[in-house]
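A, B and C are the chain letters, set down in written order, and residue numbers restart from 1 in every chain.
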């Protein structure tokens, strides 16, 4: 039973990581392979804020600021790198986006090593260990869980209830159609990218004490994030939740019974299997191409 | 004519080079030649056919491990281990190719990426069989540590690969592959058997990678799952992008020049990667055809100054319209 | 008519659903060899879907399609092309990074013609399509009208061509180029006996060009005949005005 609970905790955290990627893809049809690095930047920012400015008590302000920083960085990156894809200059869009975001990931990762050194930084704990029902939970995990739920709730509210959120939904469904509704799609792209990276940054900040802060701390989130978006279907928000939770539970249960190192392989294997049967993911939809 | 002479000159230089260089540089150049093979092969699949595979390096790894493991565990002779490994790779690449048939762009990248991670993780996990993170000692191809014979081996491999890819791209297959990349639906409508040729491209590129990988394993003598890391794939992409995707010489130029740059900046590995990554971003953003495109445009500008007028597309469009008006 | 009296293209009870939407509803159509058939109908009536179904890009849900006595529904698009069915696309689908000449070569090469022969034929057709000066130009540099011309003559590279499906070949095209396209269709039809199905909104052009016209509305054929017959059909008037 406790594995189920820890699985849900894990699953929720995974959801946050892949939500950003999914959101961006829904709007711009672009996969940002550097999402893990925005996560990492969020973690570093949070670490700096807590250790040098705010102190642990105000960790939530740190998360907010970290998210803001990654939002701005993401929007900036989008403006100079991704936007040209849509303004007609670049021909091969998917290829361009893949190469550029992969290069960005490498760039950020190595910059992190250069600037911060190849060290692992340990931020102080957010909270003392507590219990979630019968399950002993470290304070950090607990905070991360609550924090993620809060962020997810905000995000959902934003998407479904606010005008801006509904506009984003419209853009993801019909890019050209919304132009007639007077929406500046390109500007929305930039904001959407920023929101996506902000989610990653917030995740990084929340999970800083759990995964620790180092240049490669974004790698695992990237891996998990991609597993989720494939299983759940690119561009499908509900798919993210179902996939995230199921992956978390599967991993938690699996770790109890199978050699944990093989979990990764099962995750990837599942990913490939699903793509084989449903090339657009479990919940994704093919786009009309002719 | 001039091009042919230039190539012969380059080849001659490459052949006599080892006599003038220290062992370390010969070794380094051999590794560069390995990457030339990998880059040229990936360009066929990812560049010309537009199938952006992220598991190219994986076939090199599968190749080297299969060969070494077969030889070590069963005692068969070296050449048999290698050939068996290649045949195994043909099978896997065809399977993977068929798997990826229905996938477009992003999903292909994700699937091949997942495949690469599966293989790498498996090698690390099953350490009793594969040696895991500690690596696997592979028997050497030439029973010597002298890099010179290996240099010529890889030079031959590189030349053969370049020729093979060039022949393919000049043939009707080249037309099919490029058509597939440009517009798969239209290619089908024009009669191209996209299924067959996509799998072909996959198989060809992957088999070449596995051949290169097997030789590489029996050259360095130590195989490790590190070769299966995404970093290796990123390197190959960097070579091809910087040199120029979709050109015959691009991957070669890219691999050689970037490897050279990497050697120069050896003491600062992170700075190296930052520069390379930034270069890739700049090139994709501004100079999509890489170094070769940069050179080509420069060459055209020189010709222009000397008086040869390039034919402007718009001039021709106007002329056609004028012709139509008269009719 | 074909030698044995069978139509060249025989479509029976064709049905195509997209999720809950029925795009093609029990359509039957027969095209005789040597015909130029117009296919018209309001937007969204299923005209492009019909072409995609015939050429194998979409899978049919129900019904049969016979081409020259052979069943072609369920076959891969490239196999259908190999049997002599070519098409143009409403939004131009040429191979942008390949030159005009290379674009032309593709259909011929897939028919196992050798390179030299294919090149000769390509140059001949390029000349025919008034694109000679642009022969070595990357296709992405072509204007809209030239695009359509290229698409059109590219289909003729298929030596086995018997049925040519044109999807809105006149849309947004310069008047003069439209004339070239019209003359090309007529010439190929009269001299080589090639059958055409032309989808278009331009009713006067269709009237001039086509022997018979089929009208599609909401996935169903609601009328068929000459332009006069069809134009006076109350159902057709209703469809266009009622919408």
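One rule holds in what follows: a residue touches a chain if its C-beta (ideal position, glycine included) is under 8 Å from a C-beta of that chain, and two chains touch if they have at least 3 such contacts.
Quick caveat, the model's predicted, so the values are computed rather than measured.
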Any chain that touches chain C and chain A: B
Identifier of the chain whose CA centre is least distant from the whole-structure CA centre: B
Centroid distance [mean C-alpha coordinates] between chain C and chain A, Å: 46
Whole-Å separation of chain centres (CA-atom averages), chain B against chain C: 40
Rounded Å distance, chain A centre to chain B centre (Cα mean): 32
Two or more partner chains touched - positions in chain A: 91, 290
Sequence positions of chain C contacting 2 or more other chains: 57, 89, 96-97
Overlap residues in chain B, where contacts from two or more other chains coincide: 185
Chain C residues within the chain B interface of the complex: 55-57, 76-78, 81-82, 86-87, 89, 93-98, 102, 105-107, 109-111, 115, 130-131, 133-134, 137, 141-143, 146, 154, 158, 174, 176-177, 179-180
Residue ranges of chain B touching chain C (in the complex, touch as defined): 172, 175-176, 178-179, 181-183, 185-195, 246, 311, 313, 316-317, 319-321, 323-325, 327
List of chain B residues in touch with chain A within their complex: 50, 52, 99, 102-107, 109-111, 113-115, 117-118, 121-122, 124-125, 185, 234, 237-238, 241, 270-271, 273-274, 276-278, 280-281, 284-285, 288
Touching residues (chain side chain A, partner chain B) in the complex: 25, 31, 80-81, 84, 90-92, 94-96, 98-100, 102-104, 106-107, 109-111, 113-114, 223, 226-227, 230, 234, 259, 261-262, 264-265, 268-269, 271-272, 275-276, 279-281, 289-290
